[in-house]
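Each in structure tokens, the structures are laid out below.
Next come two complexes, and both contain chain A; in the first it sits with chain B, in the second with chain C.
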Partner chain A sequence: MAEFCMPSLGADMKEGILVKWKVEPGDQVKRGDIISEVETQKGIIEIEVFTDGTIEQILVHPGEKVPVGTVLATIRVPGEEAKAPREERPPEPTFKYKFCMISAQHKEGPAKRPPEPTPVTTAGKRLKISPSARKLAAELAVNLSTVQGTGQGNAITRADIERAAEAQNAAAPLAPVKPEAGMRQAIATAMARSNREIPHYYLATHIDMSNTMRWLASENKKRSIKERILPVVPLIKATALALGKVPELNGFWIDDRLQLQEAVHVGFAISLRQGGLVAPAIHHADLKSLPELMEALHDLITRTRGGRLRSSELTDATITVTCLGDLGVETVYGVIYPPQVALVGFGKIMEQPWAENGMLGIRPVLTTSLAADHRATDGHRGAQFLEALNQYLQKPEEL
Partner chain B sequence: MSKNEMIQITYREAVREAIREALRRDERVFLLGEDVGRYGGCFAVSKGLLEEFGPERIIDTPLSESGFTGAGIGAALGGMRPIVEIMTVNFSLLAADQIINNAATFLHMSGGCFNVPLVIRMSTGGGKQLAAQHSHSLEGWYAHIPGIKVLTPATLEDARGMLWSALEDPDPVLIFEHQSLLNMEGQLPANAGAVDIDRAQIRRPGSDLSVITYGASLFKALEAAEILAGEGIEVEVIDLRTLRPLDDATFLTSIASTHRALIVDEGWRSGGISAEICARIMEGAFYELDAPVERICGAEVPMPYAKHLEEAAMPQVEAIVTTAKRMVRSNG
Partner chain C sequence: MKEELIRETIFRVLRPITPEADFDELAPDENMQEVLDIDSFDVLNFFIQLYEELGVEIPEEDYGEIITLNDLIGYLAIRIE
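And then the complex of A and B:
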């Protein structure tokens, strides 16, 4: 039996509201399918499943707010027999840090006997709650596990839910009303933690962008306006490839050690019109061609602003790229998004006097900066990374 | 007579006025039954009608329920608008074959060629110490049968107004007049006339509990609601008025705002109309319920003769009050 849990969609997400199920018990699911939607401080996120199987039981219902790591549903993996339903709200798992990965637990041996049927209504097993109270609880996002029933046979009634909702609201007077406020809060928490815990070091260099810009201009001439590749795309690709040379910058600092990540998922900072930002992942940026990257970026920006991000995009980024050049910024001094260990910042590509081989010329110059976690890497490796990035940008045709 | 003039009238007189109006308005209408003429009706409903309308339109019959109900069906098929009176619902079982196998099926069996515009009135219910062969409430049973309508007028207005609408209906309509209501007296507009026969009515609005009832139990529910209001419990009392077709929209809507339902039915619990209402609530308002639906029904015994036993066998105000309190203020 595999468990589908409330994922952590950011370093400091503690809980989420299950908004919608896209599956029902009995439905077949495949790894990567979007099976539910969760509301977080970053808006409504589509949640993917990480295992193949059949939805066995749904344990958390729309409207319920549960801590990260709470089992939302159980999934029967192929070859496993149906089991008796478990109680609706399992004890909270001891959740460590990052995402709640789906743990496939094969507890029984292969020659197990069919399980004993368990009556669904065993005392204490199934929540005793009136249908109307359950509906109201979903509307008011009341956590049912804390509600004491006062109805017949101690069933939870509407009045109990109303009381619980009042208590819940009184306990959380700062509950975010506007999504922007929640987003601000999430950024505040993550960034405060970053500055508190991560010993940043900063490196910056000027990169001559002549080759890249020239190559892009000729390349874009062959393309329709819609298909044109923006300068940011080779920057992302070069970053991803440079990480191949300095892999220590691609990973997470968890449990006091660097956990390198093999796949390169570049988180791209996207500001939102209503304020705030998210940095969803462009998966396998190192393996995508420039046109593929352009398409991925376009899709990501559209969905980010439309509030249709997927859970994996919020959790998978292994490094973050920030571009503030459009706004005239020359140099970015980035703050790392924990538990990542590096952030690459790109400023404005500006025409500047450039001395080379005793000659002075005018070149498009880009100030590239690296903010990195000194626990994970040292300035030496950081410098090698920036140099690798520079080298890739000198040969754009190879990107 | 001014339009708003009210008159003091009993339920019995209201029914009589309804019959009289029908006899006057439509020459095809006639009354047929045991003792309806010279004796003035077993419950004195038709008193004076023989003198007023003559033996051709107020017809005394032998003790032969199957026979005269069949005669009524034949007359209806022949274009008349008969009102058949059966003394009590218990006796209607002798005419059950005519009602169920003939009246209710004729339209269907004739391929839609012949409808049966027949009205059958009968008394129902207990409370008058008439014991086990005259006091039962079998209207819920008839509500099981497709092809007929089942009316249970409780108020003076309905006693006065349902008959004409029933006669206008192209198909057989059964009207159940509760024995204990006949002497009920009250005010009715002098010009009261026909009323609809297909909708339930909220007789008292309330927010805490929907009491669904009909017939004589309506007044017990209203009395209980008054007592409960004194204790801060607001009960919505719904008079079903018609058991077939059942206007479930009215009580489902009510339950959507009260979230609790109590059914009060003088009929027996097992397989009764209360069970049907309960099932419709489960089908249509399950997610609105904040407590299990409860029922107060007639005890499942033949109706006792002894006064105290008869009272014990029927839903009473006290039981409604107690149950309503438990449902609304339940605490474990």
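And then the complex of A and C:
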């Protein structure tokens, strides 16, 4: 039996409201199918299922607000027998909600690190608590000093943590928070953590964009207006390819070590009109052609602004790209989105004097910056990444 | 008359892109992209919608001529059949 849980969709998410089920008990599902919708600070997110199987039981119903890690439904995986006829109601559980074995279900993600460390002792006494209960407390942001242990020798058990989480949740009023305020809070939490934990280093370089802009102009002339490619598209592709040369920038810093990611999923920062931003992932950006990337970007921006993102898009990004050139910004000094280890910033492509081979000319120039985590890489590798990016942009026809 | 129809079309197409904008505040000689705070993705979408409504495809090399609302109305007016 597999458990389908309230996912963690960012460094900040603690809970979500189940809005809608797209399946019912007995329905067959395939890994990657969208089976429910959850409302978060980032809008309505379509949640994908992580396994093949048959929906066994729905445990959380539309309108209910539950913490990250709550089991939303159980799924019978292929080869498993149906447990019991459906009309036979299971015994009333002791707690209203059941929690997933998060570590088994989710990849290690940002939500696993609460903003504040859980105290080891309370009132000077050492707490009796198992490592697994402590981990659960951290995941559910339960303050251990408020938990009464019911285990052997008053040790705190997982059940105690679950009870405390539920009480904490019930105590938290479901005050109608303006979505903008929620988003601001979410960004505040993630960025404060970034600046507190990540020793950033910054590099910037000027890239001559003549070749790319010339090539793009001639490509776009051949295309109808609906198929035009924006200059940001070759920038995303070149970034993704340059990561192939410097893979240490594509990954996560978790458990005090760099965890490289093989797939390149570029998180693209998209600002929202009501304020705030989201950086959903363009999956496998390195393997997409420029027209495919343009289509993916169009789809992603439209759905982000329409509040229709998928769960994998919020959790999969392995690096972030941010473009602020439309507003005339020359250089971006980025803040890394944890647990990622790098952010690439693009400014405005501006005509500038450019000296080359003893001649002075006017070229479209792009200031490209890299903010990187010094725990994961050093400036030397960062510099190699920027140079690789530059080289790719000199041969746009190969992108 | 033609200009008035074009203006109406422009605002109708812009509405979903900038739901909160007050078009009465947009002066005819202001930089539209700046005042409406729209990015290059929005501009492309805007031009695609205008093409679908009015049949005028604005090539990239003409983007520089179209800064203000007046520029855009003038540009479209001489190209609409």
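One rule holds for everything that comes next: the second predicted complex is superposed on the first by the 306 of 399 C-alpha atoms of A that agree within 3 Å, B and C clash if a C-alpha of one lies under 4 Å from a C-alpha of the other, contacts with A are read in each partner's own complex, and residues count from 1 in each chain.
Heads up, the rule we're going with is that a contact is a pair of C-beta atoms (placed from the backbone, for glycine too) under 8 Å apart; a residue touches a chain by one contact, two chains touch by 3 or more.
Keep in mind that what you see is a predicted model, and the values were worked out from it rather than measured.
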| item | value |
| --- | --- |
| Touching partner for A:Gln152 - first (chain B), second (chain C), both, neither | first |
| Which of chain B and chain C A:Asn357 touches, first, second, both or neither | neither |
| Partner chain in contact with A:Ile301 - chain B first, chain C second, else both or neither | second |
| Partner chain(s) touched by A:Asn220 [first = chain B, second = chain C, both, neither] | second |
| Common interface positions of chain A, toward chain B and toward chain C | none |
| Chain B to chain A touching residues, read off their complex | 259, 286-292, 326-327, 330-332 |
| Residues of chain C that touch chain A when the two form their complex | 18-20, 33, 37, 39-41, 44, 47-48, 51, 57-61 |
| Touching residues (chain side chain A, partner chain C) in the complex | 217, 220-221, 224-226, 228, 230-232, 271, 273-274, 297-298, 301, 326 |
| Residues of chain A defined as touching chain B within the complex | 130-135, 150-155, 157-159 |
